[in-house]
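One structure coming up, written as structure tokens, with questions to follow.
Each chain carries a letter (A, B and C) given by its place in the written order, and its residues are counted from 1.
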Amino acid sequence: MTSPLLEVEGLTKRYGGVVAVDRCSFAVPEGSITALVGPNGSGKTTAFNVITGYAGLDAGRIRFAGSLVRRPDPTRLARRGLARTFQQARIFSDLTLIENMAAGVQQPWHAWSRRSVRTNDRTKALTLLEEFGLLGLAEERAGALSFGQKKLLEFAMVLMGEPRLVLLDEPTAGVNPVLVEQIDQRVRDLNASGLTFLVVEHNMNLVMRLCDPVVVLDHGTKLAEGPPAIVREDPRVLDAYLGG
Amino acid sequence: MHQIVQAIILGVLVGGVYALMASGLTLVFGVMKVINVAQGALVIFAAYLSYALFTDLHIDPFLSILIVTPAMFVLGVAVQFTFVRSLRGPDATELSLLVMWALALGIEGVLSVIFKTTYRISSPSYADNSWTVLGYRISEVRFFAFVASAVLLLLLSFVLTRTRFGRAVRAIVQNPTAATLLGVDSDRTQMLSFGLGVSLAAAAGAVYGVIYPFNPGSHYDLISRLLTIVVLGGLGSIGGAIFAAVGMGVIEALVTVEISPVWASFSFFVILIAFLLVRPQGIFGVRERTL
Amino acid sequence: MSRATAVGLARGGAFTAAAVAFPFVFPAAWIVNIGVLTLMYAALATAWNLFSGYTGYISLGQAAFFGLGAYALAITFEHVGAGSGYNPFYALPLVGAGIALASVPIAWVALRTRHMTFAIVTLTLLFITQQLAFNLRSLTHGSTGLMLPIPHFPISSYDRPFYFAMLAILLVGLALCWLILRSKLGLMLFAIRADEEKARGLGIRVTGAKLVAWSLMAWLTAMVGGVWAYYLTFIYPESSIDPLVTIGAILMTFLGGRGTLWGPTVGALVLVPAQQYMITTLGASQFYLVGYAAVFMVVLLVLPRGILPSLRSAVDAQRERQRIGRDPVVREKAAA
């Protein structure tokens, strides 16, 4: 039984009077591709934001790689190996793809004076860009990319930091089926070499064939957690999606 | 103790006038995300207008509010239409800051040419009168200025909560995209809001000119105070601006009395920095979240 | 060495050579004086660009550092003595560093706020610094001002040492900008400018990077202020801590092109002589201020990206047009 890389206990987040995430608890086993699903408004994205430090934590505990994360902060988490992508594909528009990639490399203080794109950064970046099919655009301005290409770039960028856990926020939203396949394949390949994923997704077909375990949220709390085949048959899950 | 209460009274009276100026500034920011750094210059402009009306036509400064305010509303709308509206693109906010500063310089220059740099002050007959209430001295002009400000702020509150225009303004402040989708004419509302913000400054300017001596360069001192007030209150929050303005008035008055007049505005700045340390978004501001 | 580096060094070398030769080719005092002011604003604008152009945080308080540098040097003369002749120039880097370091805590607080608030806080910083200059009378003599000892430079070339001092600071500033542009720090700053929250999420130490850029800006600006004080030998609060100095630096950077290396210098080369001309012809009346405001307005509304980026776009567009013009399909259609 692999120990969980990420453990969330009693996570709560309130916005004014609305409880977006309500005592939510789940675990992401190391080496897995865990899915976080649920109908609209179930709190998936909020949970993501809280875990990665983009929204405040009202109550609950987060454990990453065995140690407690006291006040989640995006920078500290990234340096510890927890990276995330955004639904809207946030990249640096004014910089070239190579520069975007180079920005993702973790730097110690004394490295600030070194050249912005060093040879090994460049090699690594080009390799990743090739794997993502973006090699030909390496010197282009990132702002000129299509939405799908930006999503791929963003995914590639976080890999530059050699994370242990990648949180993908709706990686296939707004993306054509060919790209969905590409992303599916990339996740599988990276997972095979040891990278753990937590994926928020609406595309249930993708989730069912790619992810295990699947965590289902509804109204901010966990409804079910387990292998896709089991979760799919769970009456409460069916109710949440189809009922109401 | 007597001194302290006297200082607090004075601080509240002064704060009221600044609240009027600051509310216009923060309103414009809320609607357009533009900091009108020319607000101080517009106040001074109104002060000069009111002064001219008083010295040449013997119109009481408080009455001149009725003339100056609508006139500067039109000016505000014109400024927004000519300069601010054309600013688009990713740098619009920064450019607007600088464009407004250029406007302030232009106003200062024009006023210097017309009125020269001698200090002026409108001195109606009652300028030095004061009442003594419960042993505390209350200057008549400051009191009237406070009342005028309070009345206008109540009017503003009425406009914002009870009129269609006000609802449009609040909609845009909360969510510009949703507001437009719901049929709010964003361009027109922004234009009118800017005019409103300027007219509030104008009214305040008319009364400011009775209390303080001013010259074209006075707008720097004013705008520095106004900016500090709106930041402390929270950019976009009118309630915050009022609270912070009165707070500033009281704190500065207390420092003047207890320590020295020379350190009054410095102490307010220290409070601002200390506050921002704990709460970068100001008292009633919203934490900027880009998700 | 890459081609870009070679070109960059060549440009820098050419500029330095021309700048060094200038006061010898045009030795008239009034011309060198304009040169001093041009280089002064070029250095100020370059420093402003280093922080605000690269991080995207508009700082309106630069004049505060200018004044702090001026007063720091004057006060050092008064209480400690900074030597005479050329020696004060050598004291400047230390003085500037002290000011820059002292400003870091305030910058740290200010940089935690959103961009607009930051701009306002820096502006307030400017006014408060002026207040302090007025109020701390025992240190600054308040509105009476402070005098600095007049250096015994030869009358015939009196302005020259100051010219070269300003040039030295400008060159240091340009070198720093150039190094940053090519370094990881520069990459971090541009990432911050493009999307700060995203940069945070990538593990970029956002606060540290901003503070480094800020400190460098403060250091350069304070040194410029010191040279200026020594040049005038008499300073007082309104002239040393003058919002128009900030505005000038910002305007020149915008005119030349924010975020570029040479933009601020280009802006200064265009505007300072023009500004001096305006002062001499219109200065007596306050028309000067109106004229200044008008120029400012025009630059912001007509050329918001500045000269250099616009030129580059125009050149790229021209090349594109030529390329299309040579395209056989297009030619065929045109002939038909």
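Please note the rule applied: contacts are C-beta pairs under 8 Å (C-beta built on N, C-alpha and C of every residue); 3 or more make two chains touch, one makes a residue touch a chain.
Not measured: the values here are computed from a predicted model.
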item: By count of C-beta pairs in contact, the leading pair of chains; value: B-C
item: Furthest chain, CA centroid comparison against chain B; value: A
item: Closest chain to the centre of mass proxy, which here is the mean CA position; value: C
item: Distance between chain centroids, defined by C-alpha means - chain B, chain C (Å); value: 32
item: Distance from the mean Cα position of chain C to that of chain A, given in whole angstrom; value: 42
item: Inter-centroid spacing, chain B versus chain A (mean Cα positions, whole Å); value: 46
item: Multi-partner residues of chain C (each touching 2 or more other chains); value: 195, 197
item: Touching two or more other chains - residues of chain A; value: 54, 86
item: Where chain B touches two or more other chains, by residue; value: 291
item: Sites on chain A touched by chain C in the complex; value: 52, 54, 74-75, 78-79, 83-84, 86, 90-95, 99, 102-104, 106-107, 109, 111-117, 157-158, 161
item: Residue ranges of chain C in contact with chain A within the complex; value: 179, 182-188, 190-191, 193-195, 197-206, 208-209, 212
item: Complex contacts: residues of chain C adjacent to chain B; value: 58, 60, 106, 109-110, 112-117, 119-121, 123-124, 126-128, 131-132, 134-135, 195, 197, 243-244, 247, 250-251, 254, 285-294, 296-297, 300-301, 304
item: In the complex with chain C, residue positions of chain B that touch it; value: 29, 33, 35, 37, 83, 86-87, 89, 91, 93-95, 97-99, 101-103, 105-106, 108-110, 112-113, 117, 216, 220-221, 224, 227-228, 230-231, 235, 262-263, 265-266, 269, 272-273, 276-277, 280-282, 288, 290-291
